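Letters A, B, C and D name the chains as they come in the text, with residue numbers starting at 1 for each one.
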Amino acid sequence: MARQMDSGFLAWLRRDLLLAWRRRGEVASPVLFFIMVSTLIPLGLTPESTRLAEVAAGMVWVMALLATLLSVDGLFASDYQDGSLEQMLITPQLLPLPVLGKITAHWLTTGLPLTLVSPLLGLMLSLPAAGFIPLLWSLALGTACLSLIGAVGAALTVSLRKGGLLLTLLVMPLYMPVIIFGSASVSYAIDGINWLPPLAVLGALCAAAVALCPLAVAGALRATASN
Amino acid sequence: MNLFSDWTWFHRLGSPRWFYQNSGRWLPWLSVVTLVVLATGLVWGLAFAPADAKQGNSFRIIYIHVPASFLALAGYYIMAIAGAVGLIWKMKLSYMVMKSAAPIGAVLTFIALFTGAVWGKPTWGTYWVWDARITSMLILLFLYAGVMALQYAYHSVDAASKAGAILALVGTVNIPIIYKSVDWWYTLHQPATIKLTSAPSMHPDMFQPLLVMIAGFYLFYALVLILQTRNEILRRERNTSWVRELAAAKMTTNTIANEAKSE
Amino acid sequence: MSLSSSSLLSIENLAFERDDSRLFDGINLTVNGGDILQIEGANGSGKTTLLRLLTGALQPSAGRINYQGQPISENRYDYLADMLYIGHQPAVKLNLTAEENLRWMVASAAKSNRVAVADALAEVGLAGYSDIPCYTLSAGQHRRVALARLLISEARLWYLDEPFTAIDKQGVSLLQSCLQHHVAQGGLVVLSTHQDLALNNVRKYNLLSRAEYLV
Amino acid sequence: MTMYFANFDQLIAMGGHGVYVWSAFAVTVAAMLWLAVAPVIKHRALLNDIQRDSQRNRQRQRDSQRQDQNQQAGQSAAVSNATTDSPSNQSEEDF
């Protein structure tokens, strides 16, 4: 009887991807939100491209953060309602592994699409050409951090009825460093400075998040199991 | 007997009743000392300390802004440590200390923010400046708000305490990262203007009252934390026998006092 | 499935507190292979809590649960790999088909490939329904998907919380024969239900009076 | 240690910065006072509340005991089918 140590991660990843595939329409909602909100900026600020260019990098990042935040509280909600979260708590595998599987599935279904759509937003907000590659890289790493940290907030508020707003309050302060280094790497590139250092820091944040957030999520799920 | 039996002093320390009775004895002395230290620090800083060459008298706000910022940050770590002790040794009292520490820390952070903003007006001409120190303080206020909101969101008290403890721990890991990234972000966009809290380059006459004020604030924090924790103990242990006897005893002394007054 | 010398499952003065009000305490039980233990008690007496304590999802405030003589905190992997829990909700994802639901449950559990997924579904009477999404099935059929796990799983310890709710007479007899078969193989079942089981030598344990008697 | 300011008015004016310094100090002292005083008031309120609770519980126990006695008295009256009401019931009504 071989000990399938890693089946926890793959099993839950495959299941969540299958679930997301079944509701393909829902996967598009964060992306649609991302694009719609970004059209507000020219309406709110100015249609004039030179001024838009100054705020483009930061704005695309803020919109990506809000889109991820919106979709992250659904991470455990459906499992909590139909009882599969209870099953996850008692699988033999260590809890952080299935949790990491779920978070990876969430990133693949929200973070990645946002990153792939961001050049389109860059065009719409007249982002300077130098900013596109760094934008792609910083969003790819950044949305992974956002999903991981957001999962901690989702786990803490999963058993609460209206946990959505509370989730934002819990998670927003923890998002600050991610957005600082994420948008900085794009604005460095636009100013012609070497944009790798801030991206490296973002990578470090992402690595730390991959290592620590699943532990915090597992602790939070076990702590609130008795609510 | 296994190792843990001689840790009884540690678990006795953790019993809410022991804490309630002993803190009752310390409170009068602690409040007197706190009052004295704070009063001397205030008078010294306001009236006797020399004014700053550049900023003039508005720099006197440092005597409340800096201690409040110190306590706001230290308070968060105290809250997180109390939560961690609760999580590890499952001690009810440390969860109560954590729950009481959150609002105190939030008020101190608000004081630090308010005084920082008022100080900004004469120095930079506007009330709100995205200075690195003040921005980090604002994020700290959000962290406190998160822990407090989480505590009151649950039906079961145990789940609330554990969730609050976990969020406080996640917060402590992030505070250094937030502070460093905000500093880096601030220097990225702004040439380093005068730092709001340039404590070391201060004249000794200015610096000594600051030390007194910081000591005063630490004493004040301890006093208020004990007061809040005692209330939390009464709330959570309200249907234990010792609390009911205590309430009965307090009421009889009060009624006697009222009768004595009414004659 | 060899019978281990020490009891398969033993509970030593288990107690559980919810916000300083003691739900129950001083529960002592030993359950060996071949036993069916029915937990009785009025609503709110803590039947579900006891089962969730057994699964390790909740931590008791006192006492210990032993699997093969060892506390479950020490041999967590072996215990959880050898256990199957079906709670109030059948843990069935509505957007997946019955087959996908079972395949996911099989993949995430360590020991469960006794019977093929399709055969298990056929046996619980869902033969024709295995490839349509579960939101088209009734609640009773969702329970049957959860019960199909019993056929597939090789776990010896079964913890079932009100397994008979929402299933029809034919399903009830199917489940009882399933329990019979499992217990005959040396497995053990701890279940909470208000119905009387049409099985012999079922041990009943009343949570409130802590009395145990044999039917 | 000589006072930095010559007289009281200079202390208030503080060279034009007085309004900022004093407003900052006023808000701080007010917040700290509230932080210190609120728990003391709450402490007394909690004790009152607990005391009233235990009194109410004791009262409820006494009532339930009295009802048990009434039932027993009622049954014994029915058994001996005495016609007059037992005294304890009357006192109950006009209580």
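Here is the rule we go by: a residue touches a chain if its C-beta (ideal position, glycine included) is under 8 Å from a C-beta of that chain, and two chains touch if they have at least 3 such contacts.
Because the structure is predicted, anything quoted here is derived from the model rather than measured.
Q: Could you work out which chain's C-alpha centre is the most distant one from the centre of subunit B?
A: Relative to subunit B, the chain whose C-alpha centre sits farthest away is C.
Q: Looking only at C-beta pairs in contact, point me to the busier pair out of B-C and A-B.
A: Higher C-beta contact count between the two pairs: A-B.
Q: Measuring from the mean C-alpha position of subunit A to the mean C-alpha position of subunit D, what distance in angstrom results?
A: Centre-to-centre distance between subunit A and subunit D: 48 Å.
Q: Quick check: how many Å separate the C-alpha centres of subunit A and subunit B?
A: 33
Q: Need the CA-centroid distance for the pair subunit A / subunit C, whole Å please.
A: 37
Q: Which subunit C residues sit where two or more other chains touch them?
A: Touching at least two other chains: 18.
Q: Could you tell me which residues belong to subunit A and also touch two or more other chains?
A: Residues 226 of subunit A touch two or more partner chains.
Q: Where do chains touch, given as pairs?
A: A-B, A-C, B-C, B-D
Q: Can you tell me which positions in subunit B touch subunit A when the two form their complex?
A: 139-140, 142-143, 145-146, 149-150, 153-156, 158-159, 162-163, 165-167, 169-171, 173-174, 177-178, 181-182, 184-185, 188
Q: In their shared complex, at which residues does subunit A touch subunit C?
A: Result: residues 1, 3-4, 7-8, 10-12, 14-15, 18-19, 22-23, 78, 81-84, 86-93, 98, 222, 225-226 of subunit A touch subunit C.
Q: Which residues of subunit C touch subunit A in the complex?
A: Touching subunit A: residues 18, 52, 55-58, 76-77, 80-81, 83, 85, 87-96, 100, 104-105, 107-111, 133 of subunit C.
Q: Hey, which residues of subunit D end up touching subunit B in the complex?
A: 1-5, 11, 14-18, 20-21, 23-25, 27-28, 31-32, 34-36, 39-40, 42-43, 46-48, 50-51, 53-54
Q: Quick one: in the complex, what on subunit B touches subunit D?
A: Residue positions touching the partner: 31, 42, 44, 46-51, 56-58, 60-61, 64-65, 68, 104, 107, 110-111, 114-115, 118-119, 121-122, 220, 223-224, 227-228, 230-231, 234-235, 238, 243-244, 246-248, 250-251.
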